[in-house]
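Consider the two complexes below, in which chain A is the common component and chain B and chain C are the respective partners.
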Partner chain A sequence: MSRRLGLLLTFAVCAVPARAATPVIEIEIRDHLFLPSEVRVPAGQKIKLVVYNRDPTPEEFESYELNREKVVMGSSKAVIFIGPLKPGEYPFFGEFNPKTAQGIVIAE
Partner chain B sequence: MREQLRGARFCVIALSTLMSGFSAGAMADGFVVDKVYHPYVNPIERELEYRSIFVESDDAAVDGIQIHQFAFAHAFAERFRGEFYLIGANRHGDNLSLEGFEAELLWQLTEQGEYWADWGLLFELEKERGKDIQELSSAVIAEKEFGQWAGTVNLWLIYEWGGDVNNEWETELKAQLRYRYARFFEPAIELYSGQDFKGLGPVAVGSARMGEGRKLLWELGIIFGVDSDSPDQIYRVMLEYEF
Partner chain C sequence: MLLTSVIFVLREVLEAALLLSLLLSLSKRLSIVSSWAFIAIVTGILGAAVYGFNIDIVSEWFEGVGQEVVNAALQMAIYVLLCIVAILAMRRHQDRPISENVLAVVMAISVALAIVREGSEVMIYLSGFLQARDLLVPVLAGSAIGAGIGVSAGAVFYYSLLSLKRRAAVIVGGLLLSLVAAGMAAQVAQLLIQADWLPSQYPVWDSSWLVEENSVSGQLLYALIGYESTPTPLHLIVHLSSFVIIIFLAMAAGRSGTASLENAHA
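Let's turn to the complex of A and B:
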C-alpha cells in the first residue's frame, strides 16, 4: 500500500504549474479562417495559445504535428498549450472547415 | 532533453510498479485487458465505440472467451464526457449474450500540455445482468508527452459487491507507451496488472479522418501473460467513430 501511496504522491508533486513567463499568443477564427494563419514562436519554450472564435459556430483546432485537438465553441475562446517545440513548421487546421481554416506554427 | 528524461522516468515508474507486483485488480472475475484511457475530453464530440477481447489460455475455464462492448459517448461539457456501454460475451462461436451494463464519466482535470503531465479522473458503475453483482470503479489517469512519445498510466480502485459475489476492493494498473509515428499508425506497448492477469504486449493505434468533424480511430493488440496464473495471450481490438 505504501508503494501505491508513494506513486500517487510522486504524480501529485509532478503536477506543478507552468512557469508564469509562458508567452501568450492570440489567434482569431473569423469567417472560418485562422487570423493570423502564420504564427511564429520561440523554439524550446512552452507557448500558450488563446484562440478566439468570432464565428457563431464551433470550430476544432487540430494538429497531429502539435499533438493537439481542441473544440472552440462559437463566440467563445479556448486555451491551448503547445511546446516546447524543436525548430520547424507545425501545420494546424480547423476540423469543421478544413478547406479554409488552415494555419502554421513556425518555431524558430 | 530534460523533458525527455523526465518523460522516460515517468515510464520507468509505471514499468517498475507493474513488475514489482502492483497488486491485484481487474474485475476480479473478468479481465484487466481492456484499453488504456487518455485524460482528454473534447466538447460536443460524440462517439460510437466497439471494443472486444479474445482470450487464449491453457486453462479451459477461460479459453475462448470473447467479450464485446458497444458504447455511445457524448462530451456534454468542456471537461466531462459520459459513456454508456452494453457488455456482451460468447465463447467458441456460441451466440452472443448480453452480460451487463456500464455507465462511465471521464473528467479532464488539466489542460493538455499545461503541467508536467496531463491528468484526468474516470468513474464507472457496472451492473451484471441477471445477477446481484455491481462494481464501482474509479481511476486516476496521467499522460506525459515527451517528443514523439506519449506515456499513459491508469491506476484503478474498484469495489465489487452484491449477493452473488464476494464483496471486495481491488486495484488495477494499465499503462501504455506510444510512439507518434503517423496519424494512421502509432506503435505502442501496453502493460496490464490485475488480480487474474499480468501481461504486456504490442499494440497498434491509428486514426483516419472521415470528413468534416468525423474520424475513425482503431486499436489492435496482443497482450501476453507473464506469469503462470495469466492466460497465454489476450487479443484486443477497438473501433471508434467520432462525430
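Let's turn to the complex of A and C:
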C-alpha cells in the first residue's frame, strides 16, 4: 500500500513540472467570431487552449482535426487541452454559428 | 440558420435514436414490454434540460473540465448498462429465467442517459436563440426537421433489425450492441484526454482521406461504431478492449447457459 502511494507521489511530483510548462493560448469569441481566428502553436507539445466567450449566447468549440468538442457558455470561459500536434493546419469552428465562427490552429 | 440547426440537431439526435432503436428491437425480440422506452425518453429530455441549464456550474468543476468529466461518467455508465443488457439479453435468448423488469429498467436508464448527454447540447443550443426573436422560428423549425430526420433514421434501423431472421438478428443485434457500447467507452477515453486526465498522444493514423468525420457516412459511423479518423493509441486500446469485454461477457453468459442446459438434460 505504502509502496503504491510512493509510486503515486512520484508520478504526481513528475507531473507537476510537465503541467507547468504547458503553453497557454487564449482565444476570444466576439459577435460569433473567433479572435484571433488564426493561432500559431508549437508542434509536438500539449497546449492549453482557453476560450473566452464574450458573447451572451453559448457556443460550442468544435474541431474534427483536433478531436475536440466543448460547450462554452455565454460570458464565460472554457479550458481545452490539445496536442501534441504534428506540424500542419487544424481548422476549428463554433458549432452553433458555423458560418461565421471559423478558425485555424497552425502547429509549427 | 435553418440548415445549420437541421444538421446540428440531427447529429445530436442520431446517436441516441440509434441506441433507442437497437434496444427497442431487442426488447421486442425478447418479448419485453416496451413501455420503458416512453419513460426513458421523457426522463431523458427532462434530465437534458436540467443538465443543459446547469452546464455553466458543471463546467467550473475540476478546474474547468467538469463538462468532460461528467460527460465521461455518463458515457461510462451507458457502457456498463449496455454490458448488463448484453448479458441479460443472452440469458433471455436461451430461455433462461431473468427479471424482465431489471432488463427493462437497465435499457431505460441507458437510453435516458444517452438522451441527457446529447439532448443537453440541443437545450444549450436552443437557449442561445431565446432572446433572438427573428431567428427563433427558423431555428426551431430547423431543429424539428433535424430531430425528425434522426428519429426517421432510427425507425428505419428499427424495422430493418426486426425484419431479420431470428438467427441473423442475434448475431447482427449482438454485434451492433457491442459496437455501439464500445463507441460509448471510446468517448470516455476521448473526453478524459481532452480534460488532460489521460495522457495526450499523437494519433496512430489519419483515415480522414477515406471517411471524413463530418461527412454523412462519417457521422453515421460515429453514431454506430464511434468512428474516429485520428485515434490516439490510448483511444484505440480503450475502444478495442471495451468491444472485446462486452462480447466476452455476452459469450460467457451464453456458454454458462448452454452448460446448465446440458446438465439439465443429463
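Note that in this section the second predicted complex is superposed on the first by the 90 of 108 C-alpha atoms of A that agree within 3 Å, B and C clash if a C-alpha of one lies under 4 Å from a C-alpha of the other, contacts with A are read in each partner's own complex, and residues count from 1 in each chain.
Basically, a residue touches a chain if its C-beta (ideal position, glycine included) is under 8 Å from a C-beta of that chain, and two chains touch if they have at least 3 such contacts.
These numbers were taken from a predicted model, which means no experiment stands behind them.
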{"item": "Which superposed partner A:Arg54 touches (first chain B, second chain C, both, neither)", "value": "neither"}
{"item": "First (chain B), second (chain C), both or neither touched by A:Gly74", "value": "second"}
{"item": "Common interface residues of chain A - those touching chain B in one complex and chain C in the other", "value": "46, 58, 60, 64, 67-71, 73, 79-84, 95-98"}
{"item": "Chain A - residues contacting chain B, complex", "value": "3-4, 7-8, 10-11, 14-18, 46, 58, 60, 64, 67-71, 73, 79-84, 95-98"}
{"item": "Touching residues on chain C, where the partner in the complex is chain A", "value": "4, 8, 55-56, 59, 63-65, 67-68, 121, 124-125, 127-129, 131-132, 190, 193-196, 200-203, 208, 212-214, 228-230"}
{"item": "In the complex with chain A, residue positions of chain B that touch it", "value": "3, 10, 13, 17, 20, 22-23, 40, 42-45, 110-117, 119, 140, 142, 145, 150, 155, 171, 180, 182-183, 209, 212-213"}
{"item": "Contact set on chain A toward chain C in their complex", "value": "46, 48, 56-60, 64-65, 67-71, 73-74, 76-84, 86, 95-99"}
